[in-house]
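To keep things simple, chains are lettered A, B, C, D, E and F as they appear, and every chain counts its residues starting from 1.
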Amino acid sequence: MPRLADPVIHLGMLLAAIKINGFPCKANISADDFFFAGLRNPGNTNNPAGSVVTAANVEKFPGVNTLGVSIARIDYAPGGQNPPHTHPRATEIIFVLEGTLEVGFITTANKLFTKIVNKGDVFVFPRGLVHFQQNRGHGPAAVVAAFNSQLQGTQAIAMTLFGATPPVSSDILAKAFRIDNGEVDAIKAKFAPK
Amino acid sequence: MPRLADPVIHLGMLLAAIKINGFPCKANISADDFFFAGLRNPGNTNNPAGSVVTAANVEKFPGVNTLGVSIARIDYAPGGQNPPHTHPRATEIIFVLEGTLEVGFITTANKLFTKIVNKGDVFVFPRGLVHFQQNRGHGPAAVVAAFNSQLQGTQAIAMTLFGATPPVSSDILAKAFRIDNGEVDAIKAKFAPK
Amino acid sequence: MPRLADPVIHLGMLLAAIKINGFPCKANISADDFFFAGLRNPGNTNNPAGSVVTAANVEKFPGVNTLGVSIARIDYAPGGQNPPHTHPRATEIIFVLEGTLEVGFITTANKLFTKIVNKGDVFVFPRGLVHFQQNRGHGPAAVVAAFNSQLQGTQAIAMTLFGATPPVSSDILAKAFRIDNGEVDAIKAKFAPK
Amino acid sequence: MPRLADPVIHLGMLLAAIKINGFPCKANISADDFFFAGLRNPGNTNNPAGSVVTAANVEKFPGVNTLGVSIARIDYAPGGQNPPHTHPRATEIIFVLEGTLEVGFITTANKLFTKIVNKGDVFVFPRGLVHFQQNRGHGPAAVVAAFNSQLQGTQAIAMTLFGATPPVSSDILAKAFRIDNGEVDAIKAKFAPK
Amino acid sequence: MPRLADPVIHLGMLLAAIKINGFPCKANISADDFFFAGLRNPGNTNNPAGSVVTAANVEKFPGVNTLGVSIARIDYAPGGQNPPHTHPRATEIIFVLEGTLEVGFITTANKLFTKIVNKGDVFVFPRGLVHFQQNRGHGPAAVVAAFNSQLQGTQAIAMTLFGATPPVSSDILAKAFRIDNGEVDAIKAKFAPK
Amino acid sequence: MPRLADPVIHLGMLLAAIKINGFPCKANISADDFFFAGLRNPGNTNNPAGSVVTAANVEKFPGVNTLGVSIARIDYAPGGQNPPHTHPRATEIIFVLEGTLEVGFITTANKLFTKIVNKGDVFVFPRGLVHFQQNRGHGPAAVVAAFNSQLQGTQAIAMTLFGATPPVSSDILAKAFRIDNGEVDAIKAKFAPK
């Protein structure tokens, strides 16, 4: 058997024809494969939530394949919100780059833990729990978020339930939220795929 | 050092004074420690959801401590629902004991996978994803649900967001669901702790 | 790089040309991939053990690939036995569907833990330990068994030692069981591949 | 919070009053805690199997706690046997110190893989599978065996089934091995605790 | 058994009298337990390396216990260096807060991957490999570093080898670095504990 | 789907066209795939370190793929040294085949644990920590080393820092070791690739 060029790298990206975890591997790697410039600038927060997540996970940054980490920056317009969501496969830890945010998560015993955080502060959201951030300052806010997974996955709760394709039956959502079908349909209209 | 009575058991429950993962261990174990009779009978479904989960996880069934599995039975009145929820720490696989259920989960790409299942059918809900079951038959329904965790944890989405203690700010929920504060408060009233 | 259809699913079954853990992945998945109907009916127990395991692991039910769980139903004729065996890669938890069974496992300190279980009862067999079930009632019995592995593997002890291909040397088995070679050969004859 | 003396060590053995995984930790550790002299000499093979395992796992060698490895030496008289057994929690890899052994394991598809090994040879037994070694030379034999677990656990098949306390019912063993109760009882007599 | 207040939290910090992984748990937790303010300000870089790591791992930030992540900020004076080091238990991913750094790591095939990174850039250092950062700009530099471990551990190579207590024998270091004992002793003098 | 020949083996080496973890799998396996004869004889220690590591990891011994273990023998001329190094992915446990060695490791708190070991002794080096062995006897020495990884990886510290390709900048090494650039270049010359 030919001697492998580099065992450590090999595990992640040996040959172009090989995929590991379904992600492509490369024959000739360089330092650029471990580098990502896509978080330099704030993302565009001109959307209904007033917030945007710019991800550097294995889909965008293949170099983290097999390494068990990924990172993102999240930008928030004043009043902007990263709405309640979960990451099925990761704990998240944030560092505030600028601004003032209300952050929180809810436990499996239905307790809310919430806190106002400012530039330089750190907060951790345990694996799998529903959590959110909301810009409570007068200017833009931004955080760096790190995950102990190369592909944390995200389920934004309202979009997941009211914007799925095909849609979740309205009677299921009506019973779940204890509202009527008309109210469900009104929310669904807000999350309909464009 | 004294010879340990039983290494395998030892890992879970050596001494009464010891806790592993915070759960008590026992000095004298018997077959009863690996046995649980609490799922024999249907649970009481006389509640707003028309459904009840009877759990045999490490809180109720200490014998599964360190073993990486737990089990539950879920009973559903006609029309009853196990509302959309997540398990932060486990995949779930169900076997239908009786009845006809609509089951489904939503992926991180916001696709709904839904199916009608009947007695003897199996369905699997991947780790951490939002999922639900609804009784679509005319009589009671029941499933056995197994988890690859001794303590899967559960977040019922509507209760988590609208029934937390202390409450999640109404403006956060209003923005998230794109409804107004009054609508949020009306839903919160339905989930208020009694 | 093209945007992945669905990261969660992707991990298990992205493309038909890709195998993960050696199992095929699919390009177009549907709810049916997470569904398995093969446990609806009792298996045929007309065999020497009077028992049959119908498995829904990744070989039969590819949808559990990467999900860390699998399930099976086990049927037992009156007096039927799921003979002493191990699962090299999983803890097993059973729920009794019907009948009365003697179940047991032996620890690494050579202690037997055994129990009579009935409809609706739960019992757990720790990872890797020798265990068995025997129908002690007058009618058929059945259980649902869940595993924290997509492919638990099974070694039925007597078949493994006395029915292997090629055969284990008789002198090795004679010494191990402290019987003579003729007795070994008599047992081997019972387990010979047909 | 006081600064910890040494995080790496701390994980294994911080304070005498603390147990991790149920094993005692020490306040003052030295190089001796990572050292074990108990494998220097051959063990006594004067027993029915003609073989003895001298273990250096976490019960005997607490320094491996949390480190995920252990080691043993196995000595064999001429004709001696380490009888068919499993390790529920570890793969085993052996290096032959002296002598000539027949080694083998059986897969979950009931295939036997067997080989004659000599001084300096290496053989690996996959996690959880039934395996054995038998001295096929004219003099003593010995191996060093390493495990990827601090406490691999062992179930010697014949002793597990025929020598358990309390005993496994003879009718269960008779049906499993397709012999009669009298033959079972004869084997049990050989493995009865003294 | 009393109902646990909160299973998720419970795993990390149930009772003050309990330690998990040797770290103390708390009976009454609040959002402050998941919050850390100690990274707000640059650390003091007035030291021989011209660099300082301010850690928020489980020793300083107990809230990350069991959560599998930690974070740090690293500040660099002009010309300052985070010297070649390893983390035995974690991959590291950095986000540049300000300045211009040369960063690099060496693989197990002895290849150096190095890159100049600037504000907003991301770079990843695979688990366990020797890596470094050096301020190549004219002003101060700073990064946020995240780890997929609650306690990554650090071995600064030169300090580890030349500043250990008790010291590593000079002849061992001389042979390793192919220098003479006098040169070793001169380096040791620079790293002697004060 | 065709029935798999053998699930356990399948995980490691099902088909020649498949790679798992990037390593080739085979269609027809035999006992030889689990056997390795390459450690029978001492390696050639005629090199500057006076020591040689003969590895039986997944690169040389494909049968350990997915099994989580590997093994090596290390031979030392009198005065020979296995220089300070780390294994990014494994704990190492050694058994001394012959000779007298000084072995040691340094913790993340910069404490050296060192010990003289002789034939038959065991010593363990915790995952990721810098460690070394030096022959302190008058004749050759040898150990068997086992790892809880199929590919432990090795970074020999001096070679990693002073012999990388391309080279680490001399000013970085000078600052790290608190020596001048000339001294760095002199060491580099000793480790230059031939």
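Everything below uses one rule, namely that contacts are C-beta pairs under 8 Å (C-beta built on N, C-alpha and C of every residue); 3 or more make two chains touch, one makes a residue touch a chain.
What you are looking at is a predicted structure, and each value in this text was computed from that prediction instead of being measured.
Of all the chains, the one whose CA centre sits at the greatest distance from that of subunit F is B. Between subunit E and subunit F, two chains of identical sequence, the interface residue sets overlap for the most part, with shared numbers making up over half of the total. The equivalent interface to B-C, defined as the listed pair sharing over half of its contact pairs by residue number with it, is D-F out of D-F, A-B or E-F. Annotation, subunit A versus subunit F: rotation angle of 120 degrees from the Cα superposition, expressed as a multiple of 5. Averaged Cα coordinates give subunit A a centre that lies 25 Å from the centre of subunit E. Once the centre of each chain is set as its mean CA position, subunit A and subunit C turn out to be 38 Å apart.
Along subunit C, residues 4, 7-8, 88, 104, 108, 111, 114, 126-127, 129, 153 each make contact with two or more other chains. Taken in their complex, subunit B has these residues touching subunit C: 4-9, 12, 29-32, 34-41, 56, 61, 63-64, 67-71, 73, 91-93, 95, 97, 104-105, 107-109, 111, 113-115, 117-127, 129, 144, 146-148.
Subunit C meets subunit D in the complex at residues 48-49, 79, 81, 83-84, 86-89, 102, 104, 106, 108, 110-112, 114, 126-130, 132, 134, 153-155, 157-169, 171-173, 175-179, 183, 186-187, 190-191.
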